Amino acid sequence: MKKTLNVGLIGYNFMGRAHTHGLKNLYMMADDLQVTPRLHTICGRNEGEVERVAGKLGWEKWSTSWESVVDDPEIDIIDIASPGNTHCEIAVAAAQKGKHILCEKPLATTLGEAEQMLAAVESGGAMHLVNFNYRRVPAVMLAKRLIEEGRLGAIISFKGFYQQDWTLDDELPFIWRFDKAVAGAGSMADKGSHIIDLARYLIGEFEEVSAAMEIFVKERPIAGGGQKRVVTTDDAAVFTARFACGALGVFETNRMSSGRKNGLWFEVNGTEGSVRFELERLNELQVYSRRDPEDCQGFRQVLVTQASHPYIRYWWPPGHLIGWEHTFTHQFYELFRAIETGQLPSPNFRDGLVCQKVIEAINQAAVEKRWVTIDR
Amino acid sequence: MKKTLNVGLIGYNFMGRAHTHGLKNLYMMADDLQVTPRLHTICGRNEGEVERVAGKLGWEKWSTSWESVVDDPEIDIIDIASPGNTHCEIAVAAAQKGKHILCEKPLATTLGEAEQMLAAVESGGAMHLVNFNYRRVPAVMLAKRLIEEGRLGAIISFKGFYQQDWTLDDELPFIWRFDKAVAGAGSMADKGSHIIDLARYLIGEFEEVSAAMEIFVKERPIAGGGQKRVVTTDDAAVFTARFACGALGVFETNRMSSGRKNGLWFEVNGTEGSVRFELERLNELQVYSRRDPEDCQGFRQVLVTQASHPYIRYWWPPGHLIGWEHTFTHQFYELFRAIETGQLPSPNFRDGLVCQKVIEAINQAAVEKRWVTIDR
Amino acid sequence: MKKTLNVGLIGYNFMGRAHTHGLKNLYMMADDLQVTPRLHTICGRNEGEVERVAGKLGWEKWSTSWESVVDDPEIDIIDIASPGNTHCEIAVAAAQKGKHILCEKPLATTLGEAEQMLAAVESGGAMHLVNFNYRRVPAVMLAKRLIEEGRLGAIISFKGFYQQDWTLDDELPFIWRFDKAVAGAGSMADKGSHIIDLARYLIGEFEEVSAAMEIFVKERPIAGGGQKRVVTTDDAAVFTARFACGALGVFETNRMSSGRKNGLWFEVNGTEGSVRFELERLNELQVYSRRDPEDCQGFRQVLVTQASHPYIRYWWPPGHLIGWEHTFTHQFYELFRAIETGQLPSPNFRDGLVCQKVIEAINQAAVEKRWVTIDR
Amino acid sequence: MKKTLNVGLIGYNFMGRAHTHGLKNLYMMADDLQVTPRLHTICGRNEGEVERVAGKLGWEKWSTSWESVVDDPEIDIIDIASPGNTHCEIAVAAAQKGKHILCEKPLATTLGEAEQMLAAVESGGAMHLVNFNYRRVPAVMLAKRLIEEGRLGAIISFKGFYQQDWTLDDELPFIWRFDKAVAGAGSMADKGSHIIDLARYLIGEFEEVSAAMEIFVKERPIAGGGQKRVVTTDDAAVFTARFACGALGVFETNRMSSGRKNGLWFEVNGTEGSVRFELERLNELQVYSRRDPEDCQGFRQVLVTQASHPYIRYWWPPGHLIGWEHTFTHQFYELFRAIETGQLPSPNFRDGLVCQKVIEAINQAAVEKRWVTIDR
């Protein structure tokens, strides 16, 4: 009989639904797990809404108080899928109760918060994971494998982009994401944290950065009224980097890129080969190898659905695509395995903290118009 | 309170897992359903195995007797995911009990069986659906919408292919799929039935066909022994067609296509535009419109993940891919809606029967080396 | 000092311009040729027009009599770029004069003509080449190399298509290409001859064929008048084949394919690998190899611009594309090398004749609605 | 009778061959030109080699003294295709003689030289053109048209890359391009000048830049000897920019990018649409328009070979690709038209000078590790 781990989920909107879906489908990976999740309590601020969602998604209980969820002795895991400015308080409280924690990205809105959170979980002694879920795309993990095995040689360059188009409309009303006080940052941190984390995952630490940010739509209408409010978070950012391994990097985050819906993509060039990845074709990895026969070298379109590819054996036969949502199931798998084995999973709060340091350096570089070294 | 419908699933291997997954995720579409599924009983021949799978997948009961499942008065829906030569007997029995039926494709192994099955469900009065699940890919449904709305004009040509590579290895042992007596047919019917159905769905009925089939690996080793056994099902088939709408068609099915894993793809050319689809990139539809500005015409790579696209509003925001498995959830949605509304879903057993007629005509055309008209 | 070969070109429209361009750029390949072309005489029916074109394109003389060009003792090579129904008479006359001949494709409008032409050149003793210029695309030659070296294994399937869209407009006036008496055939022979030749070049001889043809626009307006005239050449054809090597083949030719401008493309599947080619991306070959590392197999996009690739060393460094027109220069190179060495080039009139046999078999198969064996 | 313009070409290697090819094929565009080129004299330092090349390429005379070519009163146009550190002296001398000048890019090796050259041609009064030939790719010109017509809306972001892989091999011997004293700069200026020019052409002036450069292979073997020599030019550079129009920009130049042969590519995002271009697919432009029907938006793959596309009517019918070399013919067309009309062509020496200013600012930004404003 497998041991049941009770989950308390804070947040019930888009991320709440995605986390729930990830949990509910963890049964597909059950053969390699001794523990099994129970959807114990879901928590949100709007009572009617959280009750409705609990029913639809299959949570046993619901609550409007995250404190009571964190305090509930039955609950083993706190899953934080609420807005960024709530992460620190919840995580610290959960850590103090010795709960395992899965926290959405970016870990915090300031470096101070991130440091506080890491200290809390290290003191609490339980497992912690930051939900940089794109590390859990099989194609991204294949890229990691190729790099680790030396199949790309020494890394020369990393290009990372995260482009969306949802703020293009001038008439899109002001929401919390346009308010720096609440959101912490705009596209640079919200989207940038994903590509910063992927760059770290794939080729290692950032050494120094330079950056520029821009707000293209300066003010936005307040919903339901004739007035406008000033936007204080960036619509787009560009930054360049040097990495500890010697590679150069170029990055862009942009929520006003016509035609890109969830356009995270990257390219890594090494002395022996290159890889390219696009999240909008997440089952594929483009691979170039200089070790191929000279007359047949070219970027290969590898369909990452073979049983030999990461995680795929839990799903379907070759050629049967998985979706974006599977990354959540894979994250829970990593957390549950960590709980079983007592080995800290990756990316954990330390990764979240380092990512935050890079974000702050980018911010500073943009403001001071100079290169800034990341303090590690 | 939603009404519960109890499901009995016959089959627990690959298809059984895919059906279960589809059912378990139907909650995502719950807002538009008054009924909800209950995983009542799963059925298979190997007692230990079916028990294990029932536990893993979350079925309440298990059985090794499909008859007892069909007879169980608690069960509302019989889901047939067992090999083709078992479909007829199970479906006829279930229809006689008035059960709703979802049956895997191809519907039957012979035309006679298919006719018997259609008669049974029409007499039984319940709902029936054939699992040509690729009709339920949002991109395929978008293609259908464009054609129905006249946005491609009059249809000139349909090209349909289903290429895989799993039988390339000579040393792959003999399995039931290589035995015509059990499998009914090879790639032509197994894979071909999908593209025949898609062609019918998209541009209408077949008028006449010509064909050739080939067995490339003539015999295969018997597992565990030194002997070989003669293969009697085709590895590949090519066929051409005329459609009732006047269009021409070319088709290939092939399980020895190096590099294609689940390579179903089609192209439809009309007088006003064209579409292309590849199952290995199932979130995309390529669309060409002659109504675009003259200097900017070209095949568009449409990412079919907008809320306005079929089924997408039940899933994730734009740019967040869905996987192969979602087609099963969509099929169950159609069946459940049909049960609610009393309107026969599509594709139903009549579609399964017509597909069988096309398959038989292709067979005959290949044997007699001449064009054969489909009897409709 | 290199020997000069005087060329007489029959035809001055599109093909005449393309042939001239090919000749004028042969200097790029001069390092490996002992002979050099001289643009001696261009010939056409419209006196004013041919004079104008001669001046623009750089021909020393012009004529309105092909007979006088063929008779001119100064001329070494007759280049036939005039409509199909003129090929036979000109070629036979030129052969009788012992001239080397480059003849546009398809070689003839009937099998009888093709046989007569082959007999004439074999009796004449000079060199002869049919302008199936797509054999001379470096990417196509790379495909050929891979097949010959066994890098695709045994060939299982060939798919060949030639799709254009220039006859989609109903109001396009009647021209000679719509008249079977003049054009010989429609898309099946005009476009089909190219893919038939490529199939033969790449995987060998056709064994038998089945086919259907269709005229979608039944009549077209006569230019300058209110009347319409009946179209007698096919807009589209589909055909299937068995090859001597055992492979199956599917083909389509279509001049009403929305979105395809010069859409010749093919795919070859072998037991060890596959290749794909599109003329609209003629500098690329897609290559799949089952010999790649198991976790990195995929279709490679090979940019066929390396010095090691066929013909490329005569042009530019890696990554610098060549165009469609270069195939003509390459054809002249082959003819000139043949003249130097006395070795018959490929594809020669014998290839033109075999292609014609396949075309006639396709015609017969379509009319008789049965498979027809190619007489070889 | 058309007026003949005598050309003197300085340089006979790769660029000399490309320029010659461009000139020789200008006859294709002759219908719109009143002047016609004559290949008068080619000039190079190695006597035997320049004589050989003159014979092969069809130049009437050859010389080893560029001064004598510039002084030759018969010569109307000086075409400078020699290394960068020779441009200034030759161009100034030619300008003083009142010759029209086509000069390879980058215009000069220092800003001072570029200023001197611009002053000289402005004083000389003849036409001048810098060979940023990628402005003359039809697909690039189509992008320009879309932007100018407002079809992309306000520009948000420009991404430009120029990646090659020719210096990956550590054993590649030291050549002049690795010596800053001779080459002026590495990939940043050599390759970067092309993308800087394209960015200016497409979206306007640079406002400020930040940058980093790197030499990955620190020293290289001296050919024929056992010794090594220190490399002083960058292998790769990354830079970011703000444009006068408000857009952000990210750039990379890299000659150590595995898999990219001549990998210039860019993406422009505007509020109404986006375009993408790759030089390795130079006949295509990817176009996204937010004005497309909502359910069919996507990047279109526009094959830029329609008669309505820039320059195409001089070449072949739709779907027939042109090559890299055609950009040279187009440049000569622009120069010759300019000579006919007396209107300065684009990009001229002023463009060359502004590009040089951006290059120097990038250099300074990299050295001083801060953003640098471009002096305009």
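We just call them A, B, C and D in the order they show up, numbering each chain from 1.
Here is the rule we go by: a contact is a pair of C-beta atoms (placed from the backbone, for glycine too) under 8 Å apart; a residue touches a chain by one contact, two chains touch by 3 or more.
It should be emphasised that the depicted structure is a prediction, and the values quoted were computed from it without experimental measurement.
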Original post:
Which chain's C-alpha centroid is most distant from that of chain A?
Top reply: C
**OP:** Check C-D against B-D and say which one is joined by more contacting C-beta pairs.
**Re:** C-D
Subject >> Cα-centroid distance, chain B relative to chain D, in whole angstrom >> reply: 54
Original post:
How many angstrom between the C-alpha centroids of chain D and chain C?
Top reply: 35
**OP:** Could you tell me which residues belong to chain D and also touch two or more other chains?
**Re:** 260, 297-299, 303, 306
**OP:** Can you check the complex and tell me which residues of chain B touch chain D?
**Re:** 142, 145-146, 284, 287, 289, 292, 294-303, 306, 308-309
Original post:
Once bound in the complex, which stretches of chain C touch chain B?
Top reply: 152-154, 156-157, 159, 161, 163, 168, 210-212, 214, 216, 235-240, 242, 246, 248-252, 254, 256-260, 269-274, 288, 290, 297-299, 369-371
**OP:** Flag every residue of chain A that touches chain B in the complex, lowest number first.
**Re:** 14, 18, 21, 24-25, 27-28, 30-31, 56-58, 164, 166, 260-263, 279-283, 303, 305-306, 315-326
